[in-house]
Amino acid sequence: MVNIGKVVPTGIIPGMGKEKKPFPLRGDVIAALGELMGMTVFIFLALSGVQAALNAPAGSGDKVPSSAGPTFSQIQSVAFSFGSSITVALFLCAPISGGALNPAVLLTLLLTGNIPWFRALLLFIAELVGAILGAYFSNWVTANQLLGVNKINPGFDIPQTFFAEALGTGCLCLTVLFIIIENNVLVTFTPFVVGLVVFMCHMFLTPIDGTSINPARSFGPAVVTGDWTLNHWVFWIGPLTGAIFAVVMYLGFKSLKYDEQSE
Amino acid sequence: MVNIGKVVPTGIIPGMGKEKKPFPLRGDVIAALGELMGMTVFIFLALSGVQAALNAPAGSGDKVPSSAGPTFSQIQSVAFSFGSSITVALFLCAPISGGALNPAVLLTLLLTGNIPWFRALLLFIAELVGAILGAYFSNWVTANQLLGVNKINPGFDIPQTFFAEALGTGCLCLTVLFIIIENNVLVTFTPFVVGLVVFMCHMFLTPIDGTSINPARSFGPAVVTGDWTLNHWVFWIGPLTGAIFAVVMYLGFKSLKYDEQSE
Amino acid sequence: MVNIGKVVPTGIIPGMGKEKKPFPLRGDVIAALGELMGMTVFIFLALSGVQAALNAPAGSGDKVPSSAGPTFSQIQSVAFSFGSSITVALFLCAPISGGALNPAVLLTLLLTGNIPWFRALLLFIAELVGAILGAYFSNWVTANQLLGVNKINPGFDIPQTFFAEALGTGCLCLTVLFIIIENNVLVTFTPFVVGLVVFMCHMFLTPIDGTSINPARSFGPAVVTGDWTLNHWVFWIGPLTGAIFAVVMYLGFKSLKYDEQSE
Amino acid sequence: MVNIGKVVPTGIIPGMGKEKKPFPLRGDVIAALGELMGMTVFIFLALSGVQAALNAPAGSGDKVPSSAGPTFSQIQSVAFSFGSSITVALFLCAPISGGALNPAVLLTLLLTGNIPWFRALLLFIAELVGAILGAYFSNWVTANQLLGVNKINPGFDIPQTFFAEALGTGCLCLTVLFIIIENNVLVTFTPFVVGLVVFMCHMFLTPIDGTSINPARSFGPAVVTGDWTLNHWVFWIGPLTGAIFAVVMYLGFKSLKYDEQSE
């Protein structure tokens, strides 16, 4: 689908920029193990934080019918949990796998030529397995049944949720791609910036559908709880559509930018 | 109005410092497209976060008459939304447009000679269009009618609001200008510092008028909702007055500093 | 009182390390003007944030008798306001005055030979005037009477408050001094670290006395409101005692460290 | 137990990488004094913040039976207190002792050959003494009886708590170890990343057992209050098991990585 002339090393996949030769299979497997570790840590920490926030005793004045969705204090706790956990997990696995920790981000890296298809496939599988492991561990150590399964909350319909997921994921993927352009200065603290956009997406998407912007994050809890809502596909198609949109925007700017620099 | 001897490259407009020749029209248009993208992302994320915080179900003990303004927990959520969103959007568009994302900041850059008037004009138009787009997307995907229109809350009058907006915007513009002076060391994480001052302005201005400190941010939701309050002009004159005040302060220090260095 | 062999350039006073000759009077006056600007911004933003948090409407379930002190949500808002404001103001005035923004920090810099006594005197006066200006502006633009005057809350006595202020300020001053030692790598983001320790001090001192750790911060609101409590002196003696304690600790480690390095 | 070929300088123990000869006893004692200071500051600030959050007056709507555990707003305040305090204390003592401030982290550094056993022993003793001092000071200056003793809350059993502590500590220790690998670029802001993972662990462990992930942190308040619950050993065995697990993971990746690099 896309064919850009120069492969740009990524801030999210730092190890890749240093390698000068085609990836051997061995390197791909090691990267996948790193991604598996990072994804397990990410989903374990984030879902456990959500669990704590939603299970904590509320004062009588804070009680709301659970069908009404989370309160704004709970939304903030959920946003802190996901924003902090993705930042920590990116720092953790970046030296090994580069750290996408999200199939939608992986798709943008694949489509922009920042990662070869075979490594992308292995990382994708590692992300799904890591999300299941993280959700399983979280369910094991926390009180009550696992929360954090994505589903469309009352008051929102499928098109709204689809576009909200696509727009949120688009913002995330655009941020990742444009930080890659400026990789010389920004590369070291990239995980903080990714954490901030993930935080912000949870601030507005949590009342809509619990926030996916990451199909693997939706997949893990669904497997562990067996709770496949009728609309699980929205949490795949929405984020991946946003990722493709971000790639189109990015490549458009990139082609314009080349002209500017050569002028 | 101002005429400073040396043009200083800005941390907020990093691409500019590297260009050695007059801006061609093509470069200006590309910059405007980048600013348009950044502004859309900024306003979409920030207003959606505000929407979620103000629409979330509150426990019976948290219910307040809406005319009384936001609770302090809601103020904090609003401040996190705007502070995080501006940081993310600045990292996103900085490589393309430099990233002012605010007509008041743009005015300080124009008056201090950091940006030529034609590019400033294009960026200004891009900011207004981006704010409308961001507000439109936010209204589309979130529940209920769009919130986040700036208006003077009960208990505050026009002079108070005017000066509060001018002082808040003055703090923002001074921070931008003085980070520019030390651009060698601070340039890479400038967006975090801007995010922090924007966060802080929302912590105190939200109960007063919902916080503008950015005429384009006030313009977008007003266009989308058609809700032009009688005092919309305050959200233009207040921030722009603050910007001019910051420029005067900055140029005064700058002239003194030259003397110190040459002594 | 102290006499250390080598003057170490400070992360908080970065301009000083670059100057090779004795300070001329002119440079001291410019530095004092910068400190005045930074202190005004710091106190204006921080007190306005406190004002908003304490004046915001609380739901019926959040109402508490005001004599009982702030709720933990309010404590957190106050801590965010001071932590964010000091960070922003340090970035703002660091290129001009170095940015102490606190007489207790100034005392540690004076006692460790990082700043000459005449400049310290001018900066001290600038901090007092800036704190008054900031409190005055804050009172002007915000609702109701100015809050934020330090006083000992019910349940705490003078010795407890004195030691809490001394220990909190000691932590702040130790952090500043030890970041100075490692000034090569840490200097650029020092204001974030200072913001974090200021945040933390407000998390535990706000219920005790509203948090001083900074005599000028206590002085400004007292002047503007005319509300000199019987115990205003605690907010001078406590922080300054903590500063002296930090200097003693620092100089002790410094002398040991010299031995280690020369061994 | 472990024997890795090359000793890697650590981001957490920066001073060590610069030393070219075996540690003299003098250097070890100085390091232990630095660790003592850092640990005292860490525990004093963190426990005082917890004390303030849990003692603050709650509105009638926020009142919950204390046996039900902290509310989610309190969990967030506790997480901010520990995350901020560890970051500040690491910046404070890093130039002197390297700054582990946690026997579980110390164990990972010992087992991976990053610190010799005699220095590790001295730092361990310094951490225990510092935790007692910090808890003592905190009890002295804050209202009421010292809170913050770790104990298993109702609704959780020993195996759950053990594994939750081990998994949380494992995430912390893995983060520390993998930041060490990439020490060239990340070393300067390592304390922010450690603060973030500590924040996140408190977000999910606080409702379970008040969060240890650090045996010394559990030891200090237990000594000062004399409140040794029946399960105090869990806060030693859980974190240390997590640390050993992290070392095994790290050494596994490290051996694989060597192969990749030499290929």
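Quick notes on this one:
For reference, chains read A, B, C and D in written order, and residue numbers begin at 1 within each chain.
Quick note on the criterion: a contact is a pair of C-beta atoms (placed from the backbone, for glycine too) under 8 Å apart; a residue touches a chain by one contact, two chains touch by 3 or more.
Every value quoted in this text rests on a predicted model; they were computed, and no experiment measured them.
On a Cα centroid basis, the chain most remote from subunit D in this structure is B.
Residues touching across the subunit A and subunit D pair largely diverge in numbering: under half of the numbers involved belong to both copies.
A straight line joining the Cα centres of subunit B and subunit D is 39 Å long. Once the centre of each chain is set as its mean CA position, subunit C and subunit D turn out to be 28 Å apart. Counting partners per residue, subunit B has 58-62, 73, 76, 189, 192 as the residues that reach two or more other chains.
Residues of subunit D that touch subunit A in their complex: 58-65, 68-73, 75-76, 79, 155-156, 160-161, 163-164, 167, 171, 174-175, 178-179, 181-182, 185-186, 189, 192-193, 196-197, 199-201, 203-204, 206-208, 249, 253, 256-257, 259-260, 263. Interface residues of subunit B facing subunit A in the complex, by the touch rule stated above, are 24, 26-27, 30, 33-34, 37, 41, 44-45, 48-49, 51-62, 73-74, 76-77, 80-81, 84-85, 87-88, 91-96, 137, 140-143, 187-189, 192, 195.
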